[in-house]
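All chains are identified by letter, namely A, B, C, D, E and F, in their written order; residue positions are counted from 1 within each chain.
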Amino acid sequence: MPAGRVATVPPVPEQGATGKVAEVYEDIRRTKGIDAVPNFWRVLATNPDHLELVWGRLKAVMHPEAAGRSSKLAPVTREIIALAVSATNGCAYCVNSHTAALRKLGMDAELLGEVMAVVALFNSTNALADGYQIEPDVLPPAE
Amino acid sequence: MPAGRVATVPPVPEQGATGKVAEVYEDIRRTKGIDAVPNFWRVLATNPDHLELVWGRLKAVMHPEAAGRSSKLAPVTREIIALAVSATNGCAYCVNSHTAALRKLGMDAELLGEVMAVVALFNSTNALADGYQIEPDVLPPAE
Amino acid sequence: MPAGRVATVPPVPEQGATGKVAEVYEDIRRTKGIDAVPNFWRVLATNPDHLELVWGRLKAVMHPEAAGRSSKLAPVTREIIALAVSATNGCAYCVNSHTAALRKLGMDAELLGEVMAVVALFNSTNALADGYQIEPDVLPPAE
Amino acid sequence: MPAGRVATVPPVPEQGATGKVAEVYEDIRRTKGIDAVPNFWRVLATNPDHLELVWGRLKAVMHPEAAGRSSKLAPVTREIIALAVSATNGCAYCVNSHTAALRKLGMDAELLGEVMAVVALFNSTNALADGYQIEPDVLPPAE
Amino acid sequence: MPAGRVATVPPVPEQGATGKVAEVYEDIRRTKGIDAVPNFWRVLATNPDHLELVWGRLKAVMHPEAAGRSSKLAPVTREIIALAVSATNGCAYCVNSHTAALRKLGMDAELLGEVMAVVALFNSTNALADGYQIEPDVLPPAE
Amino acid sequence: MPAGRVATVPPVPEQGATGKVAEVYEDIRRTKGIDAVPNFWRVLATNPDHLELVWGRLKAVMHPEAAGRSSKLAPVTREIIALAVSATNGCAYCVNSHTAALRKLGMDAELLGEVMAVVALFNSTNALADGYQIEPDVLPPAE
């Protein structure tokens, strides 16, 4: 009976969570404006210190205003980068999660197709540049 | 005497190029507004059919207006995706090339740092989601 | 209830397809000699321009005679390369698809085992060469 | 009906196995102290020579004492490396298998979290070092 | 004149560094007990916020005692994981850096060979498990 | 002074090699019909057991007749797989080595271009299949 992917450690439920885990869960729900904590964070919660560390970094990078930082990248651009990385790495959970985030930000299937066209193109050219070991072009020095 | 990366096949020089290669070279220079054909294309030119095929696709995706297409992605977003893919794959030639393209489009080192922060973050979370085999969240069905 | 992989965008059905999508679908069925368009193409069809672009390239590379090109690589060699790349990238859809193609071309499980032995060996040596940062051997110059 | 992952070739059952396959199966059960041969080996058995080759190498590296070798790496360290590689490659079967091995060796979810924190951190810094093409620090020469 | 890898942005020198960058540089030197800040950090310093974020995470994970945390993983195990990830990703800078760290911790070439043997083995088996799409063994449920 | 890639451990010279290392070196030269042992093997020789293990496997897979085995894969097909894997992984040493092997087997730049076209195409489609999480087509059951 082949089954789908099941996390190798059981996620920590929201109900009954205490201490550091409960605090991070609450911050995730508030910062993201969602009702349920995604599986990703509930699995990380099996090591509360690591949960806190990863959430702190993701909050700083992806929700800079909530973290008291400023950013010149648009939220949709950040999610596009996330999807490009996840598609390149072939990460199932991440592709699902970031595609959902892009849909929430209004991206339709046609625009998603444009994003994927660029992702696919450069996975292709990367293999060519590496497969021929092409040497970098001489560039003007960075200022 | 350890040396840098040298292409496994010698690039086809611009001077003396004929036929299909000369045509593609000319189209590359005109479409990109550059004086010299980058090493990438000059190495691909060792198989003229493949040069034509890859250039045709890159032109359609990255220079849609020149290819008679329309696109809703901004050029800078396309180059950001290219860099995100290339950094994830660790492709030296490609990282150099797309960073140079982003500098030409006005991106400074601080904004590049924001892009790289997102790229790095999701290479990290990809490893976590895969390393724990976290199962996708149940999402509302795509319309 | 963990489920298998489900595409993040719904595939475009063959029935009712019109315009560019219908044309590409028909060309895929005719060129490949199959009755049903695989999921891969039906998902790409959510962006008809991209569908056309990817199919055009795959047709040129994998069905050169149908695309009016010539090739010195045997079809079975091309599918072996496809499987080697897909196994290295860990792409589930692609491994299934290219293994099925090789079975159709007559490859049995024992010969598949030989292919996989080579794929596995070089994923191993790649890690060693990169993990020790071994410098390339000095080679006679390419002519 | 989307299903989970199913091997592209049917595994060779333990019952009825003969010759080289039966011998390797028996050695796997004895060396690992398990009752059933894992799917990995039963799929490799479709090419008995390859089964023997891969098992011989894994036995030498992971069960050195059984192979008449000595090793200075602790078994738990070897399994941690296996998990780090598998998480980085996103290999589902391997992540499941090596996490199970670590649990058998007594690793709990909190310590697993520490391992994954290191794995995730360096997938992140790898992307940064490659994404900026940072040149190696000058090191004292290896003795 | 092919040259080695050169960072796409110029590193920020230690001399003359101010504010957040100077503080992080000082913390890196003190925490790691080194005289010069490695190139990695000097390149990240082109975006001081990102420098601070990455250093904060690396300090927490790799120097837990300095960060006021506790850890059950030995420092040498953490560096072994770092090398395993870096070899798998083929990250040149990182392989150099973590091999140097392991040498400082007393690892000789023979033991390094044992580590690399495990890294290489599992890059090989990962390709096999993914290349055959082997389904996970049924495991006893995680407690 | 940025330099090229230098192995993290010094290769073991052929002159003065003794015991197991000398034996494997001699077998490499004889089996491959070459005068000098490539850097790859001279670096592995820092752990003689590992040298023996990796050479034994490579000999069995890539030089089956010398190892007393038979194979239905042509030598050029095996080297093509090696190059496809190495290009996909972006392994510099390996790309150089396997391209040189293919040149020795008579492959010219045009045919190499065909190989690279297939490699590049499927790195592209892999990213699409993973990036959309396309579910496998229902296939007829393997016999």
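Just so it is clear, contacts are C-beta pairs under 8 Å (C-beta built on N, C-alpha and C of every residue); 3 or more make two chains touch, one makes a residue touch a chain.
Bear in mind the structure is a predicted one, so any value in this text is a computation, not a measurement.
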Graph distance between subunit D and subunit E, where chains that touch are linked: 1
Comparison of B-C and E-F (more C-beta pairs in contact): E-F
Per Cα centroids, the chain farthest from subunit C: E
Farthest chain relative to subunit A (centres taken as mean CA coordinates): F
Chain centre separation in whole Å, for subunit C relative to subunit A (CA means): 27
Where subunit A and subunit F are represented by their mean Cα positions, the distance between them in whole Å: 34
Residue numbers of subunit E (touch at least two other chains): 2-6, 8-9, 44, 49, 53-54, 57, 61, 85-86, 88-92, 95-96, 100, 110, 114, 116-117, 119-121, 123-128, 130, 132-133, 135, 142
Chain contact topology (line, ring, star, complete or other): complete
Of subunit C, residues touching subunit B in the complex: 2, 8-10, 49, 53, 57, 60-61, 69, 135, 142
Subunit B - residues contacting subunit E, complex: 3-6, 90, 92, 95-96, 99-100, 109-110, 112-114, 116-117, 120, 127
Complex contact set, residues of subunit A against subunit D: 2-5, 8-9, 44, 46-47, 49-50, 53-54, 85, 89-91
Complex contacts: residues of subunit D adjacent to subunit E: 4-9, 38-40, 43-44, 54, 57-58, 61-62, 71-73, 77-78, 80-82, 84-86, 88-89, 91-94, 96-98, 100, 103, 110-111, 114-115, 117-119, 121-126, 128-130, 132-137, 139, 142
In the complex with subunit F, residue positions of subunit A that touch it: 83, 86-88, 90-92, 95-96, 116, 119-121, 123-128, 130-133
